[in-house]
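Listed below are the structures to be examined.
Same chain, two partners: chain A is paired with chain B first, then with chain C.
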Partner chain A sequence: MLIFVISAIDFHMPPICSPIVRPGRPAEASPMVSKQLSNTISSSRMTDLKELSLVSGKAAWMAYLDIYCLDADGALFDAALLSAIAALSHLQIPSIAMNDDGKIVLVSDEDGQKRAQEPVNKEKRKLTLRSIPFSLTCILHKNYILADPTAEEESIMETHVTVVLDTSGQLISLYKPGGPVLAYTSAIQDCAALTRQRVKELNNFLDKANSAMEV
Partner chain B sequence: MEYVSPEGLRLDGRRPMEMRQIRAEIGAVSKADGSAIFEMGNTKVIAAVYGPREVQNRSQQISSHALVRCEYCMANFSTGDRMRKSKGDRRSTEISLVIRQTMEACILTHLLPRSQIDIYVQVLQADGGTRSACINAATLALADAGIPMRDLVTSCSAGYLNSTPLLDLNYVEDSAGGPDVTLGILPKLDKVTLLQMDSKLPIDILENVMQLAIEGCKAIANYIREILLANTKQLEYRRGV
Partner chain C sequence: METDRPDGRTPNQLRPLAYSCSILHRAHGSASWAQGETKVLAAVYGPKAGTKKNENPEKASIEVIWKPKTGQIGKMEKEYEMILKRTLESICIRTIYPNTTTSVIVQVVHDDGALLPCAINAACAALVDAGIPLKHLAVAICCSVTDSGCIILDPTKDEEERSLQVGSEPMENGIMTSVTQGAMSVNDYLHCLERGRAACASLSEFVRKNIGTKSTSEPSKAG
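What follows is the complex of A and B.
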């Protein structure tokens, strides 16, 4: 038996991010985006959960993903998903060893002396991400499709469509939470076409950001 | 543990009277009336000001002056280990109160009756001196929001370790258990608005440590003025004045 733990995803909207958000109760968008993110990341199967396993049946990594919205100006889910992907692609799993009591010990590369325990994983490693999901939120208004809306546009027009595609062009999720505009199939397909275009841009953007981080 | 080497260098390579690298940026949050990012070494803080606006709770409305509210919050990832509860604990509540009282001392609240000013401070990275960084960020955000103030409030911490007064303590020095003085001043008026000290410290040494903190505050005040001036010039240029 293997033990894996999918990352606990929290999307926070502190009152700093918008004049609408006040201290006390959390913003209503916060749990909604958290749930949406959790569903998208798990259903896209972008991470192989076996990589989070340390010792079969005994121990596994728990990955916490905390996303803070500092400035809420529309398309929160898109920004949150992109930041989650960027964080996961930058994540390094440290080299660790496990002693006889089942306690986990971090192994530093500088240790010159002979190690008492053999490391579970020999070196720091990155998570392997495959078929990375990217999203685009559109607003349907009369005969128009407004891609990547601002907060002001979102507040005026109530019909949103969020399309999530992965890098191979496969549809991961489609989200249209009600709204007065009843979308035709063609409108949804247009949104998907716009998302396909956006996926390429975001993928290049992410690659550039990752290569800039490498020393 | 030796916090100051025989050569007179601290753990991070600074001299005892040397501050960490500071960096500030105005207008970080587009939706806020005023906002700023303030960095002191590895401590990174973002502040946003909303207001003056209508008082949310009518029972709290004050007819003679403005109501100032403040909320301090640390991000879960701001410290080495993930924080379980980043808000509502005693420390956060105390720091919120300290920031509010410090800022209230410099805001001309009587000019804004029956209104509310909200100051929200979020710590993105914590490495000692978060209190000081928050006050400096809040000052910049208030200035950006155009809220009338008597003077800028600037804050800096100083401590006393290994028989040496140290300016601008980082987390390791802060958690050493020695005296830690956090000072907030109105630099032009030369008045103290905040003074907090933990641990015992002889009075004659306190004067030296306080003087060191005052110098730190004045250095920060000069930097903040430069930032505000540069920002104003930029606004002038954009508006074609």
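What follows is the complex of A and C.
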């Protein structure tokens, strides 16, 4: 039985985050970051989609991921991906059961009468994240590589390279949408090395933050 | 470790290429590019007077409109538009026509895999047909990594699982645009780059031969 689970991922840029964003029509960068996020999360296979299945062919969890940018100061995709991963690692799936009508109802611990129903999820649980992707955006300018640019640096220089690696060292994405500077193999290897270093730092940071929150 | 492909191609073999230009009469430049069953039609209008939104006093603006074969324009089409816009901006000499806007309309005729490289090739050929001044020509190729780790070029729709699309510059073989999908090791990515460069070299020979023939026989419409 094939299980279809759709996760909706949206990246919003309200006018509060930047002077160039106007109310009404969406900002130019917003669909770009949304598509990149969807591609990265589906490519990395960070979560097992079968975990979100409740009854095969009948019911499944659907996750909505909405990211709002409050202050846009460059490298938006890096911040968006990191916040998405932190949110998914903090996600708790409630316990539910299926009653005789075939409907899904929430199981509360206080109600003893509902114990007769067949539980689908027996308790609250968290998503299991396998290998976690992290990204680093760099600017290429002549022979220089600038990591983690600000909005001002991004507006002046036009060649951006975003490298996404996961914790097992696999390349999830290498995104370079044009730009006047040509990227050669040595530049790409340098960007990958910088990203590997950042993956370690961010992974440690995320572990510390999650363990501090659980206490 | 050889991989048998469904259509009988070797891993390094491209699908048959078909190219024609000046097929639309109203457009200043137009080109049709087909790789196998994937076919893209591109039209170029301009340089023309810029709108208030797009106008830039120092450089020409480039506007890309992507029309899919079916359905409405979604996030994927918006992303393709942006990638194509930035790729074309990096190859055009934009300082020659300040305060102008050049429109590039890309119509997808059929999609059987490797759609974005096909669109890049069609758009570059249309720009040449329109007589837009370019620094250099860009050619694009798509590579795919199979489950067994074999790298194949120019995948069809069925073969597209973990794909990498590289647009490179023929003279210096630098990378202009890179988009990946799926997970692969960094070494596999670098191998894809090598294979992509070799394929881009043969592609640029094909483009140079056809455009060279065309430019001597017909003057440009924009000129």
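A few notes on this one:
Here, the second predicted complex is superposed on the first by the 205 of 215 C-alpha atoms of A that agree within 3 Å, B and C clash if a C-alpha of one lies under 4 Å from a C-alpha of the other, contacts with A are read in each partner's own complex, and residues count from 1 in each chain.
Just so it is clear, a residue touches a chain if its C-beta (ideal position, glycine included) is under 8 Å from a C-beta of that chain, and two chains touch if they have at least 3 such contacts.
Predicted, not measured: the structure shown is a model, and the values here were computed from it.
Looking at the shared chain after the overlay, A:166 reaches chain C, while chain B stays out of its contact range.
Within the superposed three-chain model, A:35 lies in touch with chain C and out of touch with chain B [touch as defined at top]. Of the two partner chains, chain C is the only one touched by A:44; chain B is not. Applying the stated contact rule after C-alpha superposition, one finds that A:151 touches chain B and leaves chain C untouched.
Residue contacts after overlaying the shared chain place A:180 against chain C, while chain B stays out of touching range. Measured by the number of chain A residues touched, the leading partner among chain B and chain C is C. In the overlay built on the shared chain, the residue A:72 is in contact with chain B alone; chain C does not reach it.
Residue contacts after overlaying the shared chain place A:200 against neither chain B nor chain C. In the superposition on chain A, A:17 contacts chain B only, with no contact to chain C. Here chain C touches chain A in the complex through residues 75-76, 78-79, 82-83, 85-90, 162, 164, 167-169, 172, 174-186, 188-190, 193, going by the rule given at the top. Put simply, chain B touches chain A in their complex at residues 28-32, 35, 46-48, 50, 53, 56, 69, 71, 73, 75-77, 82, 118, 120-122, 124. Those residues of chain A that touch chain C in the complex are listed here as 28, 31-32, 34-36, 38-39, 43-45, 158-159, 161, 165-166, 169-180, 182-185, 188-189, 192.
Chain contact summary for the complex, chain A toward chain B: residues 10, 12, 14-19, 22-23, 64, 66, 68, 70-73, 151.
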